[in-house]
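Heads up, the next two complexes both have chain A, just with different partners, chain B and then chain C.
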Partner chain A sequence: MNALHTAAMPDQPRARTAWHTATIVEKLAETPHAVRLTLAAPTWPGSEPGTHLDVRLTAPDGYQASRSYSVASSTPAGNVVLAIDELPDGEVSPFLVQDARPGDQLEIHGPLGSYFTWLPGRSDRPVQLIAGGSGVVPLYAIALAHDAAGDPAHLQLLYSVRTPAEVFFADELAALTGPTFGLDLVYTREAPHDWPDPIGRLTRETLAARTIPASQRPHIYVCGSTGFVETITPWLVDLGHSATDVLTERFGGL
Partner chain B sequence: MPRHLDGNALAGVLSEVFTADVTAARARCGNCGNTAPVAEAMVYPDAPGLVARCVRCNHVLAVVVEAGDRLVLSLAGLDTLELRAPRA
Partner chain C sequence: MSFTTRGFSGRRRQPETRLPPGQTLVEKWPVLSAGPTPVVDTADWELTIQDETGTDHRWNWDELIALGVEDITVDIHCVTHWSKLGMAWRGVSLDKLFEHVGSRHQYVMAHSHGGYTTNLPLEDLLGGKAWIAIEAEGRPLHPEHGGPARLLVPHLYFWKSAKWIRGLTMMPGNDPGFWERYGYHIHGDPWQEQRYR
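The block that comes next holds the complex of A and B.
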């Protein structure tokens, strides 16, 4: 092996970012406030798990608004799945959640970002994913890709969510659990009947108890609101994780 | 304090300027010298355009403004930007 190429897997050329026209082929209720959109985008090159894209809407008067959404799919080129939470004061999400219909066309720009990504075969260290609310979307894409590749590294997802009805990809995440993927849910407002754990915000104690310990040197991905990410990240460093092992992505109605 | 996101939010607009993704590049702050991936900068979206600030000293690293068919990018607060060589 060439000394300059020490990664376990040969590097693939990264898909170039471009604008694509996408057609909504399916729209499903994901949670009471969110939809799952499946898009057909014939020129979409596929994307690495963890990446996002921009959706641009153009009003009849020419006014344009664009917002970033994580890609929820680990799917072949030409196909994109998004899960979009409605922000009541948003410019783009109310249209996508309330008004968009199968057959509608959207402009999408991507794939975007090579920082908050995970690729199979890159490392044999375990991976801890930590999601707050709809921040689970890129982490779900990582879990899907991990499963599809049969990657042997252990993956663990700690998912903080308000209520059972607001769990994104609930059935899919449950189906992914197994020897190399573990799922821990923390409910902050309401839990299923007989839920054994306390209901409330994720605490430092729960974080310590439900995540892979620093001694195993996990790669850590944290995605959620700015407040969530900035609460969790210092705790991880206090628990002994190296700050360089903690990758973060904040969202919030940009 | 105004809300902020992070440098991941710059990926779309900067892809209009650079051929490679810049959010994974390491940026050195022109004020304090802190070196970190662009994705880890604090990005304030409520100014006209996007303002990226150093996570350590709050110095303005970069400003991107899109106005009609123009895009104005200031990198005056950045000392260096280190990108991985493009993969073949």
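The block that comes next holds the complex of A and C.
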């Protein structure tokens, strides 16, 4: 095992993850199929941008169901914001989108997945974020942290989404754009009427034209359905990016 | 159970007896990994077991197959809460590989293409409990799922079944691998719900 090339390792051990009881304090429509839930979680330790948590629901007879959700934003001992897209016929997401309401309690476990984080001040290399649909949630968290820290590294988000109505955090992302944060939307089904670019799925050519080139050695974060991530990441490697510079979060599905 | 979520009754799709706590049955096969999918050709493939003397025991693809490929039917359990039951696999038992390795060390670090690692006690790899898997559900293992060859340790959470396996290194102690350093449990028994430390 000489010359073993090692994936990025954490610098220090992370805080222990634990279960926390959380209360829904606000529920807003995020898109026609998704909600933004704000949870009050008094024991939550806070989380690094990009991480996720497990939500656990318990029925009166003790039956439980758990699913992972990325943290859009959170504060220690304060609020945790999630954005949840409804999957038809799913078990947990239809409950959270349709049935859950302020005052309801659920359990959360985390923070989890600290391999998929970006922290201000760690690197001056540019950052390319690539999101498909609800996969923007952890990348929004990164953009938010970048802005809050006033980090000078250049951040660019390429966001593939079906229609303008289905953009998550549309106003917040628009407000973050500026000299060090660029937002680039690709619409796959329907675009605003004066939209200059073609409508349709991301292609290799679009990806090459609209992302930071390999010569600038960006850190790359790709998040979305498994199919989206599996489509995009081989193209990135073909475009000359080192596989170790590409971090992925697969939400599941096809 | 004192804690409940108002209005939640669940949509139980399955009899739960074969599912460890907190798991949901899936029919399709989800993919979980931290980076792009490496593509490895069996022509260049090699597996190495390194013992404490620094000796490398090596097998190329044909040598691996020649050790004898078994049919394996097992349930798999991923830490992200899905389980897939009764999966048909084919692979080579680690017992066959370790017949050729003399080591006093009781722990193993599994190394993958892409740089990922995971740690395992040797006793979880021997005794017909672990394989180098090369086929799943009647087909060569797809790169997304760790092909051409992955570790298969079905009695532990599936991150322990290292994809794109390239080598095992014997260790005197149970040092954490990549996922374990990021907070996953050092052992990962799904029946004891050892997800995170």
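Just so it is clear, the second predicted complex is superposed on the first by the 233 of 254 C-alpha atoms of A that agree within 3 Å, B and C clash if a C-alpha of one lies under 4 Å from a C-alpha of the other, contacts with A are read in each partner's own complex, and residues count from 1 in each chain.
We adopt the following convention: contacts are C-beta pairs under 8 Å (C-beta built on N, C-alpha and C of every residue); 3 or more make two chains touch, one makes a residue touch a chain.
Fair warning: this is a prediction, and the values are worked out from it, not measured in the lab.
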Superposition on chain A - do chain B and chain C clash or fit: clash
First (chain B), second (chain C), both or neither touched by A:V237: second
First, second, both or neither for A:T17, with chain B first and chain C second: both
Touching partner for A:G252 - first (chain B), second (chain C), both, neither: both
Touched partner set for A:A148, first chain B, second chain C, both or neither: neither
Partner chain in contact with A:Q105 - chain B first, chain C second, else both or neither: second
Contacts of A:L28 with chain B and chain C, given as first, second, both or neither: neither
Greater residue coverage of chain A in the superposed arrangement, chain B or chain C: C
Which of chain B and chain C A:L57 touches, first, second, both or neither: second
Which superposed partner A:F95 touches (first chain B, second chain C, both, neither): second
Clash-bearing segment of chain C, relative to chain B, as chosen among 6-14, 60-68, 78-86 or 96-104: 78-86
On chain A, positions contacted by chain B and by chain C: 13-14, 17, 54, 66, 68, 109, 112-116, 226, 229, 247-248, 250, 252, 254
Of all residues in chain B, those that touch chain A in their complex: 3-9, 11-12, 15, 21, 23-24, 37-40, 45, 87-88
Of all residues in chain A, those that touch chain B in their complex: 11-14, 17, 52-54, 66, 68, 109-110, 112-116, 226, 229, 247-252, 254
Of all residues in chain A, those that touch chain C in their complex: 1, 4-7, 9-10, 13-14, 16-17, 21, 54, 56-60, 62-68, 91, 95, 99-100, 103-107, 109, 112-116, 226, 229-230, 233-234, 236-237, 243-244, 246-248, 250, 252, 254
Chain A partner contacts - residues on chain C that touch it in the complex: 1, 3-13, 21-22, 24, 28, 30-39, 48, 50, 80-82, 111, 114-117, 144, 167, 169, 178, 181-183, 196-197
